[in-house]
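Listed below are the structures to be examined.
Each of the next two complexes has subunit A plus one more chain, namely subunit B in the first and subunit C in the second.
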Partner chain A sequence: MHIPDGFLSAPVAAAGYAASAAVLALAVKRSGQTLEERQVPLLGVTTAFVFAAQMLNFPVAMGTSGHFLGAVLAAVLLGPLNGCLVFAAVLTLQCLLFADGGLTALGANFFNMGVVGGVGGYALFRLATALLPRSRRGFLFAAALASWISVVASASACAVELALSGTVPLGLVLPAMGMVHAIIGIGEAVITVATLSVILAARPDVVGEWRGPSPVLLVGETSS
Partner chain B sequence: MNRSLWIFATAGLLVALCLAVFVSPYASSAPDGLDRVAADKGFLDKVHDRTIWRHALMPDYLARGLGDGPLSTAAAGLFGTLCAFAVGCVLARLVRRPTLGVPTLGASASLPASSPEVNDLPGEGHPQ
Partner chain C sequence: MTARNRASVPALDPRAKIVAMVAALILCVSTPAQRYTTFAAYFAVLVAAFALSGVSARVLARRLLAVLPMMLLCAAFIPFLHHDTVGGGYSLSFGGLHLSRSGLLVLWNIAIKASLGVALVTLLNETTPFPLLLRGLEQLRCPRLGILLLGFCHRFLFVLRDEALRMKRAADARGFQGRWLWHAPVVGRMIGALFLRGYERGERVYLAMASRGFNGGMPAAETPPALAPADRVFLGGALAVFLVLRIALP
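Let's turn to the complex of A and B:
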């Protein structure tokens, strides 16, 4: 859902850049304080994986394709603001090297995918993990739910921007974008859960948001 | 710990490279969600014919000079994934306040060197 040049009006594109710059400034400030040396390779590999996976368009209904977004995956692995850094890197590379997403729309694209998708999806993930049982299954279900909604929310933000730009009426574009991305979001949830499952099996310490259940159970078992 | 994380990162990078090189050439070329909606709702023609984008390095994930076949996409995927890994690592390093880390290292390195000097001074005074 990378917006090309020409779809957004100048005010909407400028607002997209302003909002994105504010979030990125916060991300750089916070990551400067909290990012650990050990997370440097993790940020690199997450950026590479999100880039590569976004190249893989899978067919959905009616001659349409969709691709993995990865915003919730990055946020769950690294935290939401580090996830923003990953998305800033991926989207800028896609825009400058591969002409994927317009240069004028880069701010809005970052806002939709990195902030609405990543930070919004992460908030939902946290809410879901708090409500669901603290187990591997609950963790993965929360990731599935959050990643599905992150794609629909990103697409909806995109639709609102297109409508604000006077490109297409909201009543036309919002249901259409929502419907297509509700299907694409299923692929998103499947890929996010599959990737997290593999990493949880191989290196659970790499998943920043993974808090258990094993340590909690171990403490309970040894004390009793 | 850190060493094995680089091993994890290398393994992850290899997976990403395999996806980009061997799978992406066979990805669906159907229009994506936004393109499809733009075509259906009649605003696809608003796309600027991106004059600047003629100069993008590999427009539409096709390496220049390799045509528009699978090989071209694979080359673009290889290049892009390696770039993404490098940019991610460099960005994380830059953001991580290098000014905080370097003086700490310098200070701890100069401590053992300076402490013998401090000890030497009273040591010289003692025999006299």
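Let's turn to the complex of A and C:
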């Protein structure tokens, strides 16, 4: 889903950068109030985690595989704005270190995955948790739903941008991308749920959105 | 990522290389697709740059392969694009599908520009160790929070990647095949364990840094030195070459 250089027309690429810059400026400004710069090391490790998690491919059907996106996972763990910062860093590193995703398309790529996938998925997650019973099961179901939709929505945004650039015809590519990613999204949802339930079992205190019971602190463990 | 070569390009100031790369990239990507001579000239310049800097073509080839799926995806839709024959072009049709000149032009456009983009980024990061690249970006006044975040992430990236690969190897050794969608929960549990290990490592690192007096800031960057003559020559030369190719050639 990483768009390379040259796939987007200049106006679409510029619009992607403008939208991304606006969201990131908001995220940096808001995180300046809630996130102390002291937490940057932790955020850095989480960014590296998303990066490493994306390297574990999962099978989709025979032969093809998709990789984990993690936009909803990052937002549920860290909050939407920190999730945004993490995703901006992941995409920038992938672009600068491995030439994965074009530098001129970086704005659009961040918009698709960080904003549409992360912030959009998070909004849906909040809506779902408000409607569903406040239990572990409801929490995980909301995460599954949000992560499935985040993948489909990211792919659709990508398809719309490619079509606006005149690279592909919209009427065909949108259903095609949507259908492929509806399957990839199942893998995303399953992985997000499995990951969250492991973390909820071991360290529920680090799941920012979890409002359930906290773990019993072991003697000698710091509580901050 | 370390620079694997000791040729003349690594000695240049990262700022000069960053600005030259970004400018060249924007010029390449904004070139109209029909200007084949210009693209041939870009290609020649990049071949020369790769030869001079000693960056291996294997690295480039591996990264170009990564672009291929996206390219194939778009290529699959070319027959459905623009049912026309622009400018005395041709239209091959088989079973209702058309291969039109403008469709082929779209394919050429994305193929050449994606390749040039990958080549330019590869040239930059293979000749510049990442910490130097970050310092260059900082001196070019990129936001400090972003630079700080990228720096920390880069430090842990390879640690966590190795952790992930060890888990993968352990799963492989136990006969995990991962061929079907219902194997995905196993990957999910691996990712959960990866997160916990990474997070707890992050906490330990933060506590270690805090106990050594870290309070959010990195030592203030010294006023960046002016570009050396060699850097100016390189930057000026690169900008001039790409501008001339972009504007003057047909």
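Rule of thumb we're sticking to: the second predicted complex is superposed on the first by the 200 of 224 C-alpha atoms of A that agree within 3 Å, B and C clash if a C-alpha of one lies under 4 Å from a C-alpha of the other, contacts with A are read in each partner's own complex, and residues count from 1 in each chain.
Everything that follows uses one rule, which is that a residue touches a chain if its C-beta (ideal position, glycine included) is under 8 Å from a C-beta of that chain, and two chains touch if they have at least 3 such contacts.
Keep in mind the model is a prediction, meaning the values are calculated, not measured.
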item	value
Contacts of A:G208 with subunit B and subunit C, given as first, second, both or neither	neither
Touched partner set for A:G138, first subunit B, second subunit C, both or neither	neither
Partner chain in contact with A:G166 - subunit B first, subunit C second, else both or neither	second
Which superposed partner A:H181 touches (first subunit B, second subunit C, both, neither)	first
Partner chain in contact with A:L103 - subunit B first, subunit C second, else both or neither	both
Touched partner set for A:P4, first subunit B, second subunit C, both or neither	both
Partner chain in contact with A:T192 - subunit B first, subunit C second, else both or neither	second
Partner chain in contact with A:A155 - subunit B first, subunit C second, else both or neither	first
Doubly contacted residues of subunit A, that is, touched by subunit B and again by subunit C	2-7, 28, 31, 37-49, 51-53, 55-56, 58-60, 62, 85, 88-90, 93, 96-100, 102-103, 162, 167-168, 172-173, 176, 202-203, 206
Contacting residues of subunit B [partner subunit A, same complex]	1-2, 5-6, 8-9, 12-13, 15-17, 19-20, 23-24, 27-34, 36-38, 40-43, 46-48, 50, 52-53, 56-61, 73, 76-77, 79-89, 91-93, 95-97
Partner subunit B, residues of subunit A touching it in the complex	1-7, 28, 31-33, 35, 37-53, 55-60, 62-67, 82, 85-86, 88-90, 93-94, 96-100, 102-103, 155, 158, 162, 167-168, 172-173, 176-177, 180-181, 184, 202-203, 206
Contact set on subunit A toward subunit C in their complex	2-7, 10, 13, 28, 31, 36-49, 51-53, 55-56, 58-62, 68, 77, 85, 88-90, 92-93, 95-100, 102-104, 162, 166-169, 172-173, 176, 183, 186-187, 190-199, 202-203, 206
Residues of subunit C touching subunit A in the complex	1, 22, 25-26, 28-30, 63, 66-67, 70-71, 74, 77, 80-81, 106, 109-114, 116-118, 121-122, 124-125, 130, 133, 143, 145-146, 148-157, 159-161, 163-165, 167-168, 178-181, 183-196, 198-199, 201-203, 205-206, 209-210, 214-217
